[in-house]
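What follows is a pair of complexes built around chain A, which joins chain B in one and chain C in the other.
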Partner chain A sequence: MPEIFIDHKRYEFEQPGKVLQFMLDNGMDLPFFCYHPSLSIPANCRQCIVKAGMPVFDRDRGTFKLDEKGERIIRFFPKLMTACSLDLADGMVVYTHHTDELVKQAQADNLEFILINHPLDCPICDQAGECPLQILTYKYGPEGSRFEHKKVHKPKAIQLGPRVILDAERCINCTRCVRFTDEISKTHQLTIISRGDKNYPMTANDQVFDDPYSLNTVDICPVGALTSADFRFKARVWEMNQTPGIDISNGKGCSTWVWTRDNLVMRITPRFNEAVNDHWMPDSGRLSYRTFNENRISKPWLRPDNKEQVRTTWNNAELTLREELDKVESSQILVIGSPHASVEDNYTFKKYFESLGVTDFYYLPHVVPGAGDDLLLSDDQAPNTLGVRALGYSEIAGDKLPKIVTSAKPKLVFILDDDILDRSDLTSSHLEDAFTVYWGTNHNGTSLAANLVIPITTAVEHAASYINVDGRIQRTVPAKETLYTNRRLNLEMSMGRLDHYGTKFDNWVTDANRIDCIPAWEFITRLNPGSDTFAWESSRQILAEIGGKLNIFRGVTYEQMDEENGIQLNLEQDSEVNTV
Partner chain B sequence: MPNDWKSYKPLLLPAIKDLHEISVYEKNNGYQALRKILKDRAMWSPQNVINEVKTANIRGRGGAGFNAGLKWSFMPEPDGKPRYLACNGDESEPGTFKDRKIFEFNPHLFIEGAIIAAYAMQIDVIYVYIRGEYRPFVKMLQRAIDQAYEKGYLGKKVLGSDFSVEMYTHMGAGAYICGEESSLMESLEGKRGYPRVKPPFPAQRGLWGRPTTINNIETLANVPLVMDKGADWYLKIGPDTHPGPVLYGISGHLKRPGVYEYPAGMNIMTLINEVAGGIREGKKLKALIPGGSSTPPLRADMLEGVSMDANSLRDAGSMMGTAGMVVLDEDTDMVDLIWRISYFYDHESCGQCTPCRDGTGWLEKTLRKIKNGDGELRDLDLLLAICHRMEGRTICALADAAAWPVRYSIDRFRDEFERKCKKTVYAVA
Partner chain C sequence: MSGTKTFDEKDLAEIEKLTKKYPEKQAAVLPVLWYAQDKFGHVDPSVQKLVAETMDLPEAHVYGVVTFYTQFYEKPMGKHVLDVCTCLSCQVCGGYDILNYLEDKLGIMAGETTPDGEFSIQSVECLGACGYAPMLQVTNDKYVNYLTYEKIDKLIDDLKSGKQPGFESNKMPQHENGTE
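So, the complex of A and B:
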């Protein structure tokens, strides 16, 4: 097998590749700015510079030439090489800053060059704390600068587009953002303008940087030159907790990081997942973080005698629901599941009503034709359409829903987290004769029309799985506390600095940010006290139960999903699509 | 040095009236080399043409001095897909103004050379990249190209053979860096003029990812001479290691500056004193920049016996470059001159690589400080340190080109720099 010697250590490699990527794959460190594994290699930051050489080959003997000590004679390249663009070659010898003084000096020199025109405004820069330039300068940079002249001044705080703001002085011209729009989103909206130390990225003549993926350039910017208009000046990186999650605003289900502070989601950024979204994520998914904070249903709401909705207690909600259930036959109950809710919620929802004798279960797909693209947006706007279908719910088109309601004349309607009044021909007048129970996360038209509203947890408050448009099951991890969960007790939840050192009496901990809601399955266990069939204690248990009943979920566990960033399901296996 | 330089008859720019007209050029043995090759295809297979040019050892006139035939031989075998010849007429190095003479007075020699090169490398598209400031010369060349098309030297089935070739001119937009071969290709492709990372070399992946050869205009103008009279004849012109005629662009404080054609390897003092008429106003020679602004300047006392060929200049401590000699008399302020050169490189750095982008600006600012009399002695050491950190750390050679004049002029004219500097005063702890 071909071999390479890095800092006197021998490594073997199978695939051709570049030295920098090989070093990163093998856990070695080397500073770099412009390189990105998913973009082309411009080798322009010159930071990953190493000394490299090849052994001298003796063509006559067919072996490498040896010196008197019996060691290979190495012919070094005349210049220091950038590891990012250097191809792996059999027998290659590489010296990094660990073993070569010249390389160490060259890397420090390069950082000195980068910093001479950099404003060094870290205290007021949003990138501080997660800034490769800051980190690498501390690690590899010179102790000070010998630059005594005026720095080059460039435009600051330019609104490039609706979501991205540019500070040209901070730019180190790595061109990652330009390459992103050229190679990944293919909108070609950014380019570098001007020359030399005066250059910076810009859109062409007054064009607006409205790329649907524009915020990815903020992620990959190795300095604070591109910042998010939305997240700017809101939170410091070290104040936030970072929890893995998935994007539930679209059927693609990108892997995400959910950044929370004081139980508010501050931002959502992509999490690397080779099978789904690579390093990227659409802007719409990032900005959907507001739905987790704003307009949330907290505490059950009840509409007594068709008057205004009022807040009520969980006990009252439970008793009201029991009363209503006692009044009707199972045939008078209409149950509508949701492609927006998780597999576990939909499963327990269905199981509960099956136990009451209900036989027909529907869901309303949420597809916007033409909304998708061939990158990371699908026409399907719901995160779990395939999941709710696999559980045996029948698809029902928006225009057919009123017919079902008028013909079946249900007395009791249950709707799981889905704004169906907004997306179908159904209106609140259709539901006038029925008692409508809405189990949801956010206030919307449907919740306002309901007689009873049960607040349930969102994807950032519970552990639950969703099946994306490609049949991949992925799960979320609670990132945000509800009134009934606690980071210190739930080991899955991440602990940030404020959580560690804050108490509920500190001014940076706001109890109001904790929503009074519980997972849908938990409410069902409350409705059935003492029952063995509905005695779940965690969503993990529910998934195990589903796995025992439905073939496609067999053997699917949270552990495996965590390990492999989701599991590809074979949905053809035993689910057939029921449509009405 | 050839002793008979006074009797030398110019080959690239012969003194013939209206040579730029195709009829005049044809009368004066024009397009005969091409005709000869296309007539006897068995004798002059593409490989044989390459071998002949390789033997003639035409050293690239664009600055690097690489054997043109050897460069051609790097082109891979044709695979039926496009491959390109790009002719570099960007001529952006300060002190260089020779290619415009070819466009103006003998464009057909270059066109014929380019066609032969295309034939040898089995290329059917030639791009001529000319700097945008050369608008009149682009027009002149375009007129010559149109004439060549009319006469059937360019276009489909050249002179009735099965060899076809198209030639297009392309105007640059004023960037020095686009004279660098890989950024020239980027510019031709309509992109920003950023040099490319090598490898892959242009012969492997050039224009639009296809094999491409880039040659200087003057280099290609030498090709018809070689093919017409043979490599052996060509090798007899000038020194063995650097044969052929060279267009010396001599500028500066001279009585008769201009472009002069003589064999390579002319003695520098002969060029200054006899060809260009000596230093004007009877002043003394102080320094010489031998081949465009990026080549290290030489002090007058270093020029003893040095001739204009790559090896002799290397031994003297400089480079041949484009043979654009800048002659400086005793009144020249070296600090001012080097600052101006630095200003140019600061302005022209494309901004891709860190050491060049920020280093050129740092050099310029520090030199301006010294020029304005605010410099300190430590700034000279700083300048040398910056140069040392820029050299060889970038994708293309612009960083080296910017660093060398500074480094070598501080080295060679240090007392002059020191005179402008204040003594460094260090704070006592």
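So, the complex of A and C:
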């Protein structure tokens, strides 16, 4: 097998590749800025320089030439090489800053150059705390600068597009952002203008950087030159908790990081997932974080005698629901599941009403034709359409819904987290004769039309799985506390600095940010005290139960989903699907 | 400038010819921009857009190329564009003195055009004639070397009377002592 010697240590490699990537894959460190594993390699920052050479080959003898000590004679490249663009070669010898003074000096000098005109903005720079320039300067840079002259100033706070703001002074001209629009999103909206110490990225003269993926440039920008118009100045990186999640604003289900502070979601960024979204995610998914904070249903709401909705207690909600159930036959109950709710919620929802004798279960797909693209946006706007379908709910078109309601004349309607009034021909007048119970996360037209509203947890408040448009099941982790969860007790939840060192009485702790809601399954458990069938303690347990019943979900566990960033399901395989 | 700018049949044929010379059309941006600048006198945003559309390339790319080179004019310029080199070698030999003298003489600053539309001044980077520093280039064409204030006065007078600077043989030190 071909071998390479890095800092006197021998490594074997199978695939052709570049030295920098090989080093990163093998846990070695090397500073770099412009290289990005998913983009082309321009080698323009010069930060990843190493000393490299090849053994001298004796063609006549067919062996490597050796010196007196019996060691291979190495012929070094005349200058230091950029590891990001250097191909792995059999026998290659590489020295990094760990073993070579020249490399160490060169890395520090390069940083000194990059920093010559760099503003000292860190205290007010959004990137601070997650800034490669900061980190690498700290680790590899010079202690100070010898540059004593006036720095070159460039424009600051330029609104490149609706979502991205440029600070040209901070830019190190790595061209990552330009390459992103050229190679990934293919809108070609950015370019580097001018040259020398005057250059920075820009859009063409009168164009707006409105790329639907524009915020990815903010992530990959190795400095604070590109910042998110939305997140700018909202929170310091070290104040937030970072929890893995998935994007539920779209059928693709990109892997995400959910950043919270004081139990508010501050931003959403992509999490690397080779099988789904690589390093990217659409802007719309990131901006959907608001739905987790705003307009939330907290505490049950009840509409006594068709008057205004008022807040009520959980006990009262439970009692009212029981009373209403006692009044009707199972045939008078209409149950509508949701492609927006998780597998676990839909499963328990259905199981509960099955136990009451209900046989028909519907869901309304949420597809916007033409909304998708070839990258990471799908026409399907819901995160779990395949999941709700796999659980045996029947799809019903928005224009057919009124007919079902008028012909079945249900007395009790249950709707799981989905604004169906907004997407179908159904109006609140169709529901006038029925008692409607909405189990939802946010207030909307449907929740307002309901007689009873049960607040349930969102994807950032519970652990639950969702099946994306490609049949991949992925799960979420609670990131935001509800009134009933506690990150100190739930080991799955992340603890940030403020959680570790703060107390409940600190002035940055806002109790109102914790929503009074519970997972849908938990409410079902509450409705059936003492029952073995509904005695779930966690969504993990529910998934195991589903796995025991439905082939599709057989063997699917949270552990495996965590390890492999989701599991590809074989949705065709199962003929039992509709017989839960 | 009036009306929208277009390329006519002949232009398009010429651009086609230029583009064909290269394996990739991106490589033809420079010659096509030169062609456009010859035709319109500048490559302002509307010309950049025209070039990008004609070549079916991203406008941002064309914009980036135009701004990289001071030789491409992003706005209409005077009849004579004086590109004074203020890069390192020229700078140490008095490039900025020459620039300032010229600015005072014409009453405009670098980057500006005289009200009569005769002259524009630009401060530019190295033009590859460091050996003859300080120097300037006239409208992307002739170099004027070893600049002095007198030479500037003469140049301006010449240009005003429609005379382009001629070729000037410059002796290097090695020529002088005959040890080439």
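Keep this in mind: the second predicted complex is superposed on the first by the 574 of 580 C-alpha atoms of A that agree within 3 Å, B and C clash if a C-alpha of one lies under 4 Å from a C-alpha of the other, contacts with A are read in each partner's own complex, and residues count from 1 in each chain.
What we mean here is this: a contact is a pair of C-beta atoms (placed from the backbone, for glycine too) under 8 Å apart; a residue touches a chain by one contact, two chains touch by 3 or more.
Worth saying up front: this structure is predicted, and the values here are computed from it rather than measured.
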Request  = Determine, for the superposed arrangement built on chain A, whether chain B and chain C clash or fit.
outcome  = clash
Query = Is A:43 touching the first partner chain B, the second partner chain C, both, or neither of them?
reply = first
Request  = Figure out whether A:194 sits in contact with chain B (first) or chain C (second), or with both, or with neither.
outcome  = both
Query = Looking at the overlay, what does A:207 touch: chain B (first), chain C (second), both, or neither?
reply = second
Task = For A:299, select first, second, both or neither according to whether it touches chain B, chain C, the two together, or no partner.
result = neither
Key: Most chain A residues touched (candidates chain B, chain C)   = B
Inquiry  = By the touch definition at the top of the document, which applies to A:497: first (chain B), second (chain C), both, or neither?
reply    = neither
Inquiry  = One more residue to check, A:114. First (chain B), second (chain C), both or neither?
reply    = first
Ask   = Is A:156 touching the first partner chain B, the second partner chain C, both, or neither of them?
value = neither
Ask   = Between the stretches 45-53, 63-71, 315-323 or 333-341, which region of chain B is in steric conflict with chain C after the superposition?
value = 333-341
Note = chain B and chain C footprints on chain A meet at residues 191-192, 194-196
Key: chain C partner contacts - residues on chain A that touch it in the complex   = 181-182, 188-196, 202-207
Key: Contact footprint of chain A on chain C as seen in their complex   = 45, 48-49, 52, 58-64, 67-68, 125
Inquiry  = List the residues on chain B that touch chain A in their complex, please.
reply    = 175, 192, 194, 197, 346-355, 357-362, 365-366, 369, 382, 385, 389, 392-395
Task = In the complex, go through chain A and note every residue touching chain B.
result = 41-47, 49, 78-80, 82, 85, 106, 109-110, 112-114, 116-117, 146-147, 149-150, 152, 172-173, 175, 191-192, 194-199
